[in-house]
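Presented sequentially are two complexes of subunit A, the first with subunit B as partner and the second with subunit C.
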Partner chain A sequence: INHVMHNGGLYKRPFNEAFEETPMLVAVLTYVGYGVLTLFGYLRDFMRQWKIEKCQNATEREEQKDFVPLYQDFENFYNRNLYMRIRDSWNRPICSVPGAKVDMMERVSYDYNWTFTYTGRVIKDIINMGSYNYLGFAQNAGTCQEAAAKVLSQYGAGVCSTRQEMGNLDKHEELEKLVARFLGVESAMAYGMGFATNSMNIPALVGKGCLILSDELNHASLVLGARLSGATIRIFKHNNMQSLEKLLKDAIVHGQPRTRRPWKKILILVEGIYSMEGSIVRLPEVIALKKKYKSYLYLDEAHSIGALGPSGRGVVEYFGLSPEDVDVMMGTFTKSFGAAGGYIGGKKELIDYLRTYSHSAVYATSLSPPVVEQIITSMKCIMGEDGTTVGKARVQQLAENTRYFRRRLKEMGFIIYGNEDSPVVPLMLYMPAKIGAFGREMLKRNIGVVVVGFPATPIIESRARFCLSAAHTREMLDTALKEINEVGDLLQLKYSRHRLVPLLDRPFDETTYEETED
Partner chain B sequence: EKEELIEEWQPEPLVPLVPKDHPALNYNIVSGPPTHIITVNGKECINFASFNFLGLLDNENVKSAAQASLKKYGVGTCGPRGFYGTFDVHLELEERLAKFMRTEEAIIYSYGFATIASAIPAYSKRGDIVFVDEAACFAIQKGLQASRSNIKLFKHNDMADLERLLKEQETEDQKNPRKARVTRRFIVVEGLYMNTGDVCPLPELIKLKYKYKVRIFLEESLSFGVLGTHGRGITEHFGINIDDIDLISANMENSLASIGGFCCGRSFIIDHQRLSGQGYCFSASLPPLLAAAAIEALNIMEDNPDIFQTLRAKCERIHKALQGITGLKVVGESFSPALHLQLEESCASRDNDVKLLKRVVDYCINNGIALTQACYLEKEEKCLPPPSIRVVVTVEQTEQELDKAAALLKEAAQSVLS
Partner chain C sequence: MDFKHVKDYIYWLYYQYLLITCSYVLEPWERSMFHTITVTVVAMVVYTAYVFVPIHVRLAFEFFSQIFGGQPESRV
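Our next item is the complex of A and B:
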């Protein structure tokens, strides 16, 4: 289903998102595949129980055998019988900087993935299409690393105290001012972990008697934060504005479920780019709805900050909107800035409140100083304040890479989900055997990819996910595309029925973004 | 009509206004590293407020190990553990921690708070029962809330109360044996409590464990690297076999002067978290320079086992020196490096207590000893501890400095409280 929307002038640019439907034959075969695996799973469990086959799972202590079992047998069925077979596609240990090319430690398994041994050999120069390195700041040399090294020798690695006690360094104040300037908001606050930013601040903002409207495919941290807050949670279909509007209308008209009292607040939780789908939130429409129904918007820009927008300011800039319309702008420093941690930006009252009542400010350690310095240097680079145009060049390179890569994959005939401008590219695999095969074949050809299956995705929609980076050169992308093409033919992954006619190779269209005159 | 309702509805403001002079709003600004001599709000003081127990924050070896790692790997890992975020330093740190604690396996988290808050919900689900001490820290409370299990609080360090709850649960079980066979039970305790500075009676807990068939989760954030002859924590302190404890969780932000946390125990238990620990699977891994700093800190701990004895001696010294201050009482064991000083006679309201203690703290900072009040979220804590001043002892403090701190506190209490 292709959407090209120019919704009454709300969108200043075409919004191309596509989620091609699963071909019927493929769906049936996938279910058959899972059925066979389940049957074999039962058979092997039976054999293990009757000691015909050796049980290689770790077991409970002898002294505690009469305790209530810690895990239900059935919970681990999936783990034992399906996950174990293809376990070598995940948790691959690397031993170099996670840049465009990475070195991996070779590991083999002599007992079908139950245990791994490291051969000691290092596989060098694998093209890295799995790390979240959108702007290529994962570097071990250059201005960012030098600045971080200086701060490390001056301040040390840890902080040993919480923000409200003795952990608020002058570096943190500097960082927060910079983040506020970068986002175009009044004030910002930084935290030590992106996941914890969500799970510790949503409970501080909403509580019992409030309503949370959360997208179907929100990240685990948003779901956990919503649950911990104690508010009522209602889920709307992924990126579906009609579903959201209906929920908003019902909420205001009917009030709380049993008492019929009006809700105290309504908070809408959305993400900038959804990492499993590659889709971008329909921000203009969400903001229009939010204004009409007087609710608050919490935007999680974990993947979109730095990756979208002509100057890397995220999804708000991408749509040409004002940051003042978003009540809470949250993001992480892990992906585009090559560091760790998260931030929340917004009006001064909001940040003052969070400084006083956020769980993280009171009980959790603040950011480590060299990490703070990395964020400061990389953010200045993106903004152009370090005097070079490196940042701008990287943002443009990422956009170019995204468009090129997606176009070529579509031409080859794969089913690719998501928005044309999102640097997260999911390629559908569907069948369980192909998950393992794709990962292994690509590694043989020196390309590192990420494959995901159930439970991160719906059971038949397993996929391979490519994360593009500004550090990828055209040659690397071409090599990768060539190999993907080969593997696609080998594994019969070219499911798409909308084969595009390959366009004449034209250079990246400069007029797509509004350029300011230098 | 519906349109009218939509027009009329007015939500609350997203956040209430915080008054400008709220005590928690104005943070202390530390210029420069938070080491032994710390510059707080422009004044140079001796640091009695950061949990830098073994003084490793400023250690040159730790810093150079971190520098080497920075040169090799850069700063961030750009991915969770499952997707090219596992570095050889992480694997090495996990192995070293497991070997140091003498358990089978260890797992690392990138944030100390998230460690126990992700570990508990990985095992305890809706319908399971958790017996937890009243003085448990906030991270444990959040972990319990996320797990949706039945929580039963027992009075702080009161084994009789715990046994009573366990007996009650036993009689419940006999009424419904089918349900009892699938309900998991856990006891969650801390080795050295952050809120009260005392230890849990671990030998009695082990006896209760085997009598009532409950599993023990031990949170050792403050006792790791402090208690025991080699710093292995409370199990070494009491001489208990470490396999008797099902899960030990600790954060690396206190003794190891790094960031992050770890859990250790038998592979049967720890391996489960690799797929179901939320803070592990859905979050980026620990930056390698912090992991390298932690490995070097572990090396130092293993090579110099006498620092634990030195730390204990200093704790005893200051504990004795702080006795007898008019108006303030010392709360905590004599060997605990994190003590609390509470008001002997509290005024009518908590706010006034907090203001009074703040004046004491300010007096001390103005005269060269950096202290802080223990901060809590008043509305969110299950059992809010009384307001107190936190005193932290580190190996770097000399005996003169300890004495000076005690004298200054006496002076401050005299001038503010009388």
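Our next item is the complex of A and C:
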């Protein structure tokens, strides 16, 4: 049952998003599992404290025992007692380009994951369902690689300076003009690291006396940038426009906390696709709210640029909106372009201001030339300017893969979160033992997946996250689906009762809106 | 041949028990300790049920039949 929403014509296409509720029995059993692990964790900690067992994690030296404690023992309780036991599903070393198939070095552990040794064997051709390789540009052969190799032989690999000093290459200028043209904005600026783009530029845009309204599930880089800026931060419920409107109203009506002065600026921080949930932001509604209450919008398109929209221009094109409505369009080159770095696009005055006042521009090294060339070539390929239709074919292949994969998984009976069109597919696991079991079983069957547990997700909602790619062929997806089906039966992961919870949406009324939820 | 089927099924049930109670991630000695405790508790529950449930059921049955039947039982 797909919940279709028509909010006074704001949406030109159906917005199908679903988050099926956790079955009660599964939730209870998950808590039972965590209870058992907690008890055994206390037992092991007791044994370590009384030296019955050797303590293998970090502790102070004998001479420092009387000092103020350096390591907070209780904070690392979860880390020592659960994460260590299933640690072999993370930090797996790969030894080839992370395309649709990847090679991995095999490791074993003889002391329950405290140390690993390499057996020397390389597991070849693992189907890669974990890399953010949405358009398949992570390649070591092809036009992008040749162009990057040429630039490498011309410019070298290092830049050895920051943007403001001697690190501003003509390649960077070319890249920025291209990015501005791609997004449909006046001007853009590129930075060396996607995380640093958020965390170093939000402090340059807002300061004390400003208000930041940030989504519940925003990425750590946005949260860090918001905290560093010193502005007041208020959180609204994930993708919930009623919650956002209530906060905006309160902000306008009551102003700053003690002095009741109006806020200097109100900045709304949202992401295009939320990578842990697979949900897409309700951009038409956010823009309508932003215009009504005269605030600014910062859109982080890390996962959605290149992955959404008929020609890969991101979530703004997906909803058919104009890029001029979004004040600050931020994105990264890591995911769809197969490179590294981030960009910010917007009006010329804004970008000129950021060129002078951004911490990243002043202190961080600029992008490396071969990486810049990879971005330029891949972006031209997506736009179709290199003369072929490869880019368009990839965007369409990704959309097809997304729809097919999600439909098949739902039919099999797994609980899948998120929007129908997002290439990030979270499959719910819930129980902590199944996190480790799923990772290991899938690796045995030659499929590499990313499983996510507590600190990144709520404690009972652990999940396996699949990232689809345009490089996955139909056969690879079928193989992967067959194995997922088998592992799902083996581990009893098919929790879905095909009862989609209808989305809590109410018609958006421009004039009177009294009904809000607390 | 059918015996193998049954053995596989029982092993699969054991695997589910390990996953649900998170003993899948425990070390072997912890697992033995957990199994011992679980088996002990379950055995005690079963024994208590065996000893007490029939008597309680019979008493409850007599109590309710007295209310609804309305006839005092003869003492002789």
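Basically, the second predicted complex is superposed on the first by the 485 of 518 C-alpha atoms of A that agree within 3 Å, B and C clash if a C-alpha of one lies under 4 Å from a C-alpha of the other, contacts with A are read in each partner's own complex, and residues count from 1 in each chain.
In this text, a contact is a pair of C-beta atoms (placed from the backbone, for glycine too) under 8 Å apart; a residue touches a chain by one contact, two chains touch by 3 or more.
As the structure is a computational prediction, the values presented were derived from the model and not from experiment.
Kindly say whether there is room for both subunit B and subunit C on subunit A in the superposition, answering fit or clash.
Pair status: fit.
Tell me the contact category for A:149 with respect to subunit B and subunit C: first, second, both or neither.
Touch status of A:149: first partner only.
After lining up the shared chain so the two structures overlap, which partner does A:36 touch, if you call subunit B first and subunit C second: first, second, both or neither?
A:36 sits against subunit C, while subunit B stays out of touch.
Touch check for A:112: first (subunit B), second (subunit C), both, or neither?
Only subunit C is touched by A:112; subunit B is not.
For A:243, using the defined touch cut-off, is the partner it touches subunit B, subunit C, both, or neither? Pick first, second, both or neither.
Touch status of A:243: no partner.
Tell me which partner A:169 touches in the superposition: subunit B (first), subunit C (second), both or neither.
In the superposition, A:169 contacts subunit B only.
Quick one: classify A:492 as touching subunit B (first), subunit C (second), both or neither.
After superposition on chain A, A:492 lies in contact with subunit C alone.
Any idea whether subunit B or subunit C touches more of subunit A?
Partner with more touched residues of subunit A: B.
Using the touch definition from the top, say if A:436 reaches subunit B (first), subunit C (second), both or neither.
In the superposition, A:436 contacts subunit C only.
Touch check for A:446: first (subunit B), second (subunit C), both, or neither?
In the superposition, A:446 contacts neither subunit B nor subunit C.
Can you work out, in whole Å, how close the C-alpha atoms of subunit B and subunit C get once everything is superposed?
20
Indicate the residue numbers of subunit A shared between its subunit B interface and its subunit C interface, in ascending order.
Shared contact residues on subunit A (touching subunit B in one complex, subunit C in the other): none at all.
Over in the complex, which subunit A residues touch subunit C? Could you list them?
29, 32-34, 36-37, 40, 43, 82, 85-86, 112, 431-434, 436-437, 490-492
For the complex, give me every residue of subunit C touching subunit A.
Checking each residue of subunit C against subunit A gives 12, 15-16, 18-27, 30, 34.
Going by the contact rule set out above, which residues of subunit A touch subunit B in the complex?
Going by the criterion above, the answer is residues 58-61, 63-64, 66-72, 79, 83, 90-99, 102, 105, 128, 130-133, 137-141, 144-145, 148-149, 152-170, 173, 192-196, 199-200, 205, 219-221, 224, 227-228, 249, 252-253, 262-266, 292-296, 327-328, 332-335, 337-340, 349-350, 352-357, 359-365, 368-371, 374, 448, 450.
Which part of subunit B faces subunit A closely enough to touch in the complex?
2, 5-6, 9-18, 22, 24-25, 27-35, 38, 40, 47, 49-52, 57-58, 62-63, 66-67, 70-79, 81-88, 90-91, 110-114, 117, 123, 137-139, 142, 145-146, 180-185, 210, 213, 215, 243, 251, 253-254, 256-259, 266-269, 271-272, 274-275, 278-279, 281-284, 286-287, 289-290, 293, 370, 372-377, 380, 390
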